[in-house]
């Protein structure tokens, strides 16, 4: 059951702090990266869904990635989301990732465009062929409307087209089948990352090589502990830490459901928490999302305190 | 039942011809625009789904819109799709539409980002507030994963936030309720456009002010005749013309379903047909789509001939 | 464009009146059938979705169908819904329909069971093979989770396996393609019925042979007029009548959305209206639905009066 | 983290063996129950999805449940699926479960009928109120089209309306949140059963009280071992056993995808395997499913042998 891989451990999807005028807040982003490195993370995923990548202009994306790469200074690998609806546009972002010093790119299935398995395969192959960086597939049906097929992932892994998968599909059965299939291939230098921040213990037990927890922005040390406990086969300890993090995740339930859907709930909560923890200067989020209001912020504060985090504001 | 509006009649979503190297084929695009104007259309919708807008880089989009505006030379209004996942990115495209001389922008609900009704309203209001052009909402759940709510559309119409709707929702019940609701408002200068190219007769009977038929690229004169017959209340004639166009639409069934999903089927078929008709130089489409192969092209040719169109290749 | 068929005109899906104790209210059902016949309908569809068929026990279903058949007394054809998740259970209902004197059965794709096109075809063929009654397919993806494929319907029509389709799919493009395909087959004695009560004018223009409007329970005479106007090619008149009915349909919006989803909204509104019109004795509906409360009933009354109907309570 | 519950351990959803004429094969069912008890299971779930309950007539359901209860003879608890679209029909099945000696009933959200959270709550409360047996909620969105809301489950657990949940939702985040919420309530005598047969190790780590694995029909001893290893906190051993079972699950991939969707793949594979193992006399399944053909059976045999099971045919 050995699962050696290139990208392992805790790799949080870094949120992109914004100033109140909507510009990227470089100082806050530098502090956030340091907060994550101090928390013991093993890599950073820039420009992911939690990083508001589809809300940022190309100039903002370049700025954010640049800050993250420079602040990290090689301490851990930086993966860069290259998330656009179609191949030509993804390739533009791959060029930027190469130019700005990312170690790998992370690419979803096409979206908006109506495609099937054939076009998805063509897409991933075309991106990989034109890229000097390793490519990880990002499986996120809730955003793109389609799941990456198991047989496709296994085929592209075997051929070395893909260097890994970031699985945010919520399909735990497919995850297990993917793990089984990968274990039957010769080379296991393939990153199998889970985005399911509330089930990291179970996913590590199942053979995930790492996790990409949005909540890891708020409590990186917690996820580091969870991984360490799992690494020591202390599964009861891992579960206890996961449950603590699961309760902390209730910061997303602080959002008023009448005026906050998925994106606002997640990014809004993480930024609100990071602001309260003194890591970033503003809880501002991109339009059409809204920042958490006073009542919501109060509920976030309460959860942070229950989780034993050091609230500064 | 009078339904005066700003944008009426046949407004095809202009496909974007590409050279074999993937660049925008300006000469073919000029000929296509002329083909559409010769066919009697009443407006042009640049950079829509049929225009491969989510496949094009910003530079390509600007180039295509520029060619369309200049070739049209004010003969008919040019609407420009400003189709991006979120508000800040849509606003970048609105700026380009303003700069390049479009008469209105067309904007979908956010996509990829997980949003609810509150964020959709916030999105459309923010775009309209920051734009000097009229804004039409583009209701296309098959691409963005969510339907624009009826009450939202009526509210934004009443307030003048929106200048119209392009309805590609396929929800004919909601379309009728929208028509009824608009008729009860004071001002009817609101464009209610249908994207359902196979049901234009029924939609005109129901009070659509215009149609945006992808198939109109191939046979603009057919759609012009259909609208004229409906305008004369010759509904039997309109139905007969619609049925001829419905049979012509079988060019999309020419695609091999094993290697062509929705996007490839539609855009691939329209470009294949325009190439056979001698309007554009290449049937090339953007990655990850593929152009029609020889067998598929043969089936398209057959349908074009059955429809009485002038096949040149 | 002639479209002769066996089942044509207005064929309302008869609601099943219940007494306050949940039993079938035979007297009210007899009055409802008479109300529909007096309204000039051309057929009756018993035990459809509006008839609460999935809420009724087999004994209640038999009782309702028996009352409808006997009250109708051959004046118009009675179609019987045989709506169960799988083939063996549908066949039980087909046996009942045969025994109780229905003229045809109406059958959906399997539901709850996860099936694909192969199993759907096997299902419809098995039901037809074992039935002495003509079988109509009921295309209602909103309830069963899957659309009946176009090629399947055309194949089963050509082979005479199916005698018709009741289309509640909301897919107007597929409807038009089905019409075109049927018109290219030799025999057109195939019933193409639309369940879209708000678009009957457009569907008749498009070649529907009849309509199955739930709202036809409330205002059968309105739908009869609409069909007659369409039959005389008075499409402006048909549209005006359709729009009146479209406004009347707002009785379903009378429901409080917090405690009423689709089923309650539709059946609850129709029964509330029929009660106010004096046709049935109680607006009771089956669990887990609830009957309209006083506020909702007030809003229904208002719409009935606006539509010019004779409110008795 | 103690999670005492009434229903714990391995509780397979018993398949219903059929004779070639479609009748319930009582002898095979008796042998299957004995095979499961010999395999060390802790309970039986009769008339679940794997038991083809929506394919069986009421008479067949009664017969199957009767055989299961009598063969079990009190050795382990027998839970009975009461799976029908709506409340009145579920109550008919609850009456049968009571009469035939089941220990609890298992009830889904309404299906076919379009309902929302309000109606789902009303449904579960009405069933529980009218039942003398404990009621477990069956969360299976892939069959009924809607997920049971977390807050609803916690509320009904707290009030004692529900005795447990059988979770086949595939939503591992919601599962964890449910576990956390239940642990914060006073009484933990609530059964949290997982239907995810490929992730039982992870679900037990996460605090599931038991599993309901369809594959447990084929290899009950494997699931018993898996539970025992987890009970001893031997998580590496549990994972290894789960992975063996994960490979065995490939019997469902033996099905030809062109003619076998979800239901056929699962039930067809389990029955094919049980037939090869000599437990049941025929691999027959209900219409519109089909039994595995020779090629498929060969592939199933191969997987059974790889898994070390005793193939008899």
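When the chains are written out, they are named A, B, C and D in that same order, and each has its own residue count from 1.
In this section, a contact is a pair of C-beta atoms (placed from the backbone, for glycine too) under 8 Å apart; a residue touches a chain by one contact, two chains touch by 3 or more.
Everything quoted here is computed from the prediction, not taken from an experiment.
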item: Smallest count of steps, each to a touching chain, taking subunit B to subunit D; value: 2
item: Reference subunit C; chain at largest CA-centroid distance; value: A
item: Copies subunit A and subunit B touch via same or different residues, half shared test; value: same
item: Rotation angle (°) superposing Cα atoms of subunit A on subunit D, nearest 5; value: 180
item: Between subunit C and subunit D, centroid-to-centroid distance (C-alpha), Å; value: 35
item: Between subunit C and subunit A, distance of the C-alpha-averaged centres to the nearest whole Å; value: 49
item: Contacts with two or more other chains, residues of subunit C listed in rising order; value: none
item: Pairwise touch network: line, ring, star, complete, or other; value: ring
item: Touching pairs among all chains present in the structure; value: A-B, A-D, B-C, C-D
item: Touching residues (chain side subunit A, partner subunit B) in the complex; value: 22, 49, 54-58, 83, 85-89, 92, 110-116, 118-120, 122-123, 126, 142-145, 258-264, 286-290
item: Contact footprint of subunit B on subunit C as seen in their complex; value: 1, 170-173, 176-177, 180, 196, 198-199, 201-203, 205-207, 233, 235-236, 239-240, 242-243, 246-247
